Amino acid sequence: MAYGPHTHDDRGRMMAALGIESVDALFEDIPIDVRASRLDLDPPMAELDLAVRLQGLAARNRTDLASFLGAGVYHHYVPPVVDQMLLRGEFYTAYTPYQPEISQGTLQTIFEYQSLLAELTGLEVVSASHYDGATATAEAALMAVRATRRDRVLVSRAIHRHYLDVTGTYLSGGGLVLDEMPTLPDGTTDLAALEAALADAERPVAGVLLGQPNAFGLLEPMAQASQLAHAAGALFIAVVEPVSLAVLATPAEYGADIAAGEGQPLGIAAQYGGPYLGILATTTELMRQIPGRLVGETRDLDGRRAFVMTLRAREQDIRRDKAASNICTNQALCALAATVYLAAIGPHGLRDVASLGAARARELELALAEAGAPRLHSAPYLNEFAIRVPQAQAVHERLLQRGVLAGLALARWYPDDPELRDALLVCATEVTTSAEIRRFAAALGEELA
Amino acid sequence: MTDGTALATSARVGAAMAPEEARPGAGRQAMNAALQPTLAELSRPGRGGGKVPHPPADALARIPASALRSAPLALPELNEPEVVRHFVNLSHLNYSVDSGFYPLGSCTMKFNPKLNEWAARLPGFATLHPLAPDELAQGTLELMHELQEALAEISGMAAVTLQPAAGAQGELTGILMIRAYHAARGDVARTEVIVPDSSHGTNPATASMAGFRTVTVPSAADGGVDLAALKDALGPHTAAVMLTNPSTLGLFERRIVELLDAVHEAGALAYMDGANMNAVLGRFRPGAAGFDVMHFNLHKTFSTPHGGGGPGAGPVACNERLAPFLPAPLVVKAAPGSYRLERPEERASAIGRVRAYQGNVGVLVRAFAYIRAHGASGLREISDDAVLAANYLRQRVGQGYELPYAGPCKHEFVASGRALRQATGVRTLDVAKRLIDHGFHPPTIYFPLIVDECLLIEPTETESVETLDLFAEALLAILTEAHDHPERVKSAPTSAPVRRLDEASAARKPELRWRPMTGAGTPCPT
Amino acid sequence: MTDGTALATSARVGAAMAPEEARPGAGRQAMNAALQPTLAELSRPGRGGGKVPHPPADALARIPASALRSAPLALPELNEPEVVRHFVNLSHLNYSVDSGFYPLGSCTMKFNPKLNEWAARLPGFATLHPLAPDELAQGTLELMHELQEALAEISGMAAVTLQPAAGAQGELTGILMIRAYHAARGDVARTEVIVPDSSHGTNPATASMAGFRTVTVPSAADGGVDLAALKDALGPHTAAVMLTNPSTLGLFERRIVELLDAVHEAGALAYMDGANMNAVLGRFRPGAAGFDVMHFNLHKTFSTPHGGGGPGAGPVACNERLAPFLPAPLVVKAAPGSYRLERPEERASAIGRVRAYQGNVGVLVRAFAYIRAHGASGLREISDDAVLAANYLRQRVGQGYELPYAGPCKHEFVASGRALRQATGVRTLDVAKRLIDHGFHPPTIYFPLIVDECLLIEPTETESVETLDLFAEALLAILTEAHDHPERVKSAPTSAPVRRLDEASAARKPELRWRPMTGAGTPCPT
Amino acid sequence: MAYGPHTHDDRGRMMAALGIESVDALFEDIPIDVRASRLDLDPPMAELDLAVRLQGLAARNRTDLASFLGAGVYHHYVPPVVDQMLLRGEFYTAYTPYQPEISQGTLQTIFEYQSLLAELTGLEVVSASHYDGATATAEAALMAVRATRRDRVLVSRAIHRHYLDVTGTYLSGGGLVLDEMPTLPDGTTDLAALEAALADAERPVAGVLLGQPNAFGLLEPMAQASQLAHAAGALFIAVVEPVSLAVLATPAEYGADIAAGEGQPLGIAAQYGGPYLGILATTTELMRQIPGRLVGETRDLDGRRAFVMTLRAREQDIRRDKAASNICTNQALCALAATVYLAAIGPHGLRDVASLGAARARELELALAEAGAPRLHSAPYLNEFAIRVPQAQAVHERLLQRGVLAGLALARWYPDDPELRDALLVCATEVTTSAEIRRFAAALGEELA
């Protein structure tokens, strides 16, 4: 066996102590009818052979294209210091810090994570952490339901489709209602429709959910939406992208009660979907409603400052069926990645990352427009936007052959929307190069010619 | 609120935590882990920078002012050397599997192979975008497909989703599938989920999240489910029974056949919490035995790192009956040797997604490597060794502590400090804290709730018999200490970076972040 | 001989090193670094395995028995979890730049950027075979060429070899080149190399290895070379003068122009030990000033990690006069944008190789990255900051310790504990050991040999002013301690994993390995 | 600046304390005539840009060929645990362990390295470490000179050419003599010639140096050579490859006084030449002659076992011009790599590595012979051997275009030897696959057809 220490002698010694001749004796409590004989799996592999196999699989993935795909997950420059800290066994082979005396490393990094995200969002209470942006959004919706004791949530149509889907799943169990609000031609949420929906006295709204930037990369009128929600006694929930918070108004500034989002852009690799980092932040008023882990500052018997998990009465292991959520294992190591990333990149660096993305995206917009694919929407964007491309899906496939991953064909997400059938959602970040932009524009130009 | 000033403005890094005589400097106390200031306290305006190029000045010119931050972002400003020291020194404050024995019951703190950390970081795996078209993702898709099949084989189930991000999310997935199953049959009166009183907290919490009422049934004297009580609770309102097997007492449910019959007879479905599969790989296949659906904890059974609290992965396996309800997309075979994600319309009865994209794929890579390293024989050996080690340790610990349940145990066992407490006033909490001074991470304590002064001890298969002996000796030595020097045990730990914490005041007046920073209005470092 | 039995057979891992009360177990003492058993003591026959597949049984059938081992190889047998714990726990016994301030004079313990560790591990760099044809090695050749050029620019020299593996080997290279130069001119009477008494030990050792007699000249009162003495020593027998500049006293040689004139007038060549270039980047270019040849310590000036004693790299730069003698192969430009290694016949006057292949290329990658990260302005800033920090710290330390030489210093400075010793009996060694208890790595002590009770302190440019202050305060606090509680200082350290060691008996009866192992005759684990 | 902490304020504070207005004041000791103005180097790069540049350079190297090149440096499987331990800052950012109380990590790993290499070589005293195999060999020759007070060293012609070259360089300073011994047609050293050379009473020999395996991959008659050397009062020096010592007789078994070798195969990457690990081992009698670092066991004041650098009186910092060598910085981190590698691979694993290499090499021999390139020599080999290929260098170049790195054209090393002009030195290890062997054989067959 690959990693076990037990030699033949060791097993013999243990069996002798137990007075048994075979380990089979320890499995006699499994009724004979349901005892398994053996598994039909491949034989063990030597580490060398396995390493070769894994290398072969990784090499089968193609990650060498010029990529303009974002749609919620963004390629950023991650300083190597981040992964080198993550590779420290003291962090990644520890468990949830249930014994604070010998877990101050994890506890303090979580406290720092909470603090850093509080700086970014402007909100005071940050949980650490949720599975991903989608589940954090769903938990935010459930928080609104609990806090308002209402059962209807409004969500903009311009929200990431997976987030909508997951929120729907999470609300489905409790028989809660999720209503989608339409968008305007400029790509932002229709506030008049929102206001009307909020006005329905029969069906009071628990929370209103908008993305900033929204699923089309556009900047929403968050302050107005927030006011409308509050006027109707609903909570306002912002789904945010954390790098953008280096330059955009904070959820606190526009009055959001809860911010949810995907922390992947903060130093976490794309990995075909995870592990990522669900961000969830809220106000002090809603502190006791937030699900997930919270670490607080305290003192030890000698008066030394130290950190400890706190407000545990919200959690499943204490409250069982009355808990704020069933979450247990979360994404702590990803929160550590975000913490190291933010410490390494600093406030100026993060602002530069966000601004560079905006500048590169603008360069992309101009190049693509010249190639014949203008923007689809007119609202301002940060670093992602939709372009109008006839037969977008077919063009997208042909561009792959030319080494360009031309973003996301929005028809994949909005199959029923005729306008979005001919649209690609593209993004740029600080790692996008001018050469890649030229390559994309040239290839697209040829396809459209 | 963090009292940043005392630490930060005096520039006496760590000075507040000085041990006797020696005052730790920026070098911290030489070798013994010392507490650290926060990033905010270490920050100095103007430090850091240089990671990314500067953007053009007009980069944000097109963004309306109303959408922009009104105050500049304030984050700590540090240079890379300080960042590294901060996290390296913080890491020294952690106990971890890589540095010692971590017999935390219910958590399966086994060794995390270093090959797997390497594999998950291979650029082909690490940089693949989750929305990349299938043709760009063939390597990962092949891996996921093979993992789905392997988990189906291990569980004896028909189909597997890898989407759930953790065990609890696997539970939610499974229970929502059960809900969808009953709903599809028009069987809408089933509003209850039954759990034993020994169940993990996530089980009832999941049932609630899925909109069910939780009904708790007691355990029998032997630690198994009280079958009569279960039968009483079962009825036309029962949607499902959730059973952790082996249980959180480390016991295999001996009356499993009868139990499953009763569940099914009542028209309910049987959910198995498979978090403890480490005990029965190749020995017990839940699907073959009659469970309808289960989840795995890859971060326990298949040794993906716990990461200080996550990430994990909680794949769900189910039988043919429930397969139509698995959340999409599964990975399916396309042309020979090629793979693709299911298309949204392919399985209309699927419940909605439980998370974005395809799941914690980086975790799946590690679990795949682990399963392939061991193969069929190796997986069985894992369980054999885990169970053998647990029984051996159980016997040794039983030389001084009560063992409330008869053996054999599976991967873990409970012991009780009740008698000790009665005799000396020393509680299980004290014993646990004293173990820290003996060099060990304490076991899980006061869980499951049904055992008085409970210790839940799980050695796993990757700890040597020498280590087991030393741990048992430490536990027994503490018994003696508890009689001879009870204060010593009650005031433990004394060798950790901090002594016991004031958890009550932390909860009463929660300080959940450092004092808000100001500034970063400083000029950008060049 | 290692007393393996006591530790190993009792299976009481680390038991011999138990601190008071708590006996560390396999978990070691929870958070405080504890001593570890050796790999041999941890070994159990039959553990480990699984890394590589098994060979066919007849794999060695064609090897004559006489060429084969007579007894099976005995190495420790461990499984990977034990291996990891062993090295992780050992690592906790080390002080390092990544965990604290390491002001070791003459060693330039600056921060090692994490980007550089990443870069050197890129598979393209890491797996390239040293005899790969040039066309396969273009990336590394380009890097090496660019590094050669950068070092030539920094040194003001004409040509650079990257071959030497460390500073001392650079010295040997340079001195052998000087020998070859004189020999080529038929100037064979030059059998002496002159070194100042403050020189680094490698200088005279190098001269000996190169077959020269060493002549030592004293330092003047101001710490510089005594020019009169040097002139006396110079003559037709002088092959070279080796000068460390800035010197090991941290002083720039103010009379450098006169000195170089004298050397050259005598027909000798001037070698500069450039190990201390961290002080003068962009401020002083030895070649431009008249030195004939010099070496760099990339592991000091350009921040490649010291690795607990190596590896380093010691490139040699020289002027046109000596360039024909540089060891081959250099990296040269081929077609535009392409590079190649010199062919053996290309420079017939080259001295022989000083090591196999192209040098410590992995180290060169890191140094290249460092130079490119900083650029011209950044390199100068490094020296400015290093010198500023040293002078600042010098002033603060001077508030309590003697400063034998006038300032300004360059990258480092000497202080003396002579007065302290006279007053209290506390030696510089004691002060150094006591610094450990204050959380700092001690500076270099008793070097250079010409300063009584010497402390040689080099802060480098990557330590913050807060850290410098704390260190100075610690040193000053020890002065007070030395007066008030001299025994406390003399018995330091008390907070390190071990107290002072018996070095004398280690040298008297050297135990340089553990007791030979037997066995591995055990069956191969499967 | 990239890594410095000093802000404008920090510098101001320090300058104020020193009473200066500009750092220039601190450089006034540099005479004005030799003060530099500025460097002509590229401007600083942001880390992101530098990372891209470095990635581009690494990608310019081609490491994707099927490689049969060894010649002293061998590709082996290195379990990832090795590098993960090396990446621990506590190890790689420490200095030479001059302060033993806070350097027990480094000291104990060096002690373990010494012990492991003692097991491998059978010799009691192992230094840790030398720059590489070549310099270790040169230092071994110098040891022999010091120990015997003779000034002539004999070396087999079948020794790695770089080792010969470096040894020559090291001996040149002291005016010492290095004489090459011829080889027999079977590829091994001509012992008769050796005996004759040793018999020259006018020119007594300090040491005799043979490789095992030798530079052609062949097994030498080490025991006989050793006897001849000793009979003439010379020391016998074996240049060994450490993986082979898992199966081959140890230097101690055949009476070597010194073993030198390249430790790269023990878990260290090829890296175009280094850093590697010079192995040097000797007998207890010669303990005080060995150059380089030695760590010994001792006790602390409380009687705890601990480790410390010892026998330091051999070293340059103590003995200056009388030192055994000028070596100071060595290859400690590479010694750590070897230590972790040996701990991870274990005795069975190392035997398997050596045996698998032999098996794969035999497979290679048969395939190449069938393709028309038989072995050049008849002496037994372990995992490397020479084949006869007409116009070897041209064939070697053409095979590169076919994705095969066909070992080393021996003409590069023995340009004056007509026999070796048509020879390629090829090797196999446990990472060589049958597919690669078939590819090589097929391509070679076509070239030779």
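Every chain is named by a letter (A, B, C and D) in the order it is written, and numbering of its residues begins at 1.
Note that a residue touches a chain if its C-beta (ideal position, glycine included) is under 8 Å from a C-beta of that chain, and two chains touch if they have at least 3 such contacts.
Just so it is clear, the model here is predicted, and its values are computed rather than measured.
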item	value
Result of counting contacting C-beta pairs for A-B and B-D, higher pair	A-B
Whole-Å gap between the CA centroids of chain B and chain D	45
Mean-CA-position distance for chain D and chain A (Å)	48
Intercentroid distance (Cα basis), chain D paired with chain C, Å	19
Shared-contact residues (touching 2 or more other chains) in chain A	1-5, 10, 44, 47-48, 51, 77, 79-81, 83-84, 87-90, 102, 430
Of all residues in chain B, the ones touching two or more other chains	30-31, 44, 47, 50-54, 79-82, 84, 88, 92-93, 95, 97-99, 102, 111, 113-115, 117-118, 373, 436, 441, 462-464, 493, 496-497, 525
Graph class of chain-chain contacts, one of line, ring, star, complete, other	complete
Sites on chain C touched by chain A in the complex	30-31, 44-47, 50-54, 78-82, 84, 88, 114-115, 117-118, 525
Contact footprint of chain D on chain A as seen in their complex	47-48, 51, 77, 79-80, 84, 87-88, 430-431
List of chain D residues in touch with chain B within their complex	1-5, 7-10, 44, 46-49, 79-81, 83-84, 89-90, 102
Chain B contact footprint on chain C (complex, rising order)	11-14, 19, 21-34, 44, 50, 79-82, 84-85, 88-89, 92-93, 95, 97-102, 111, 113-114, 373, 436-441, 462-464, 466-467, 469-471, 473-474, 477, 488, 493-497
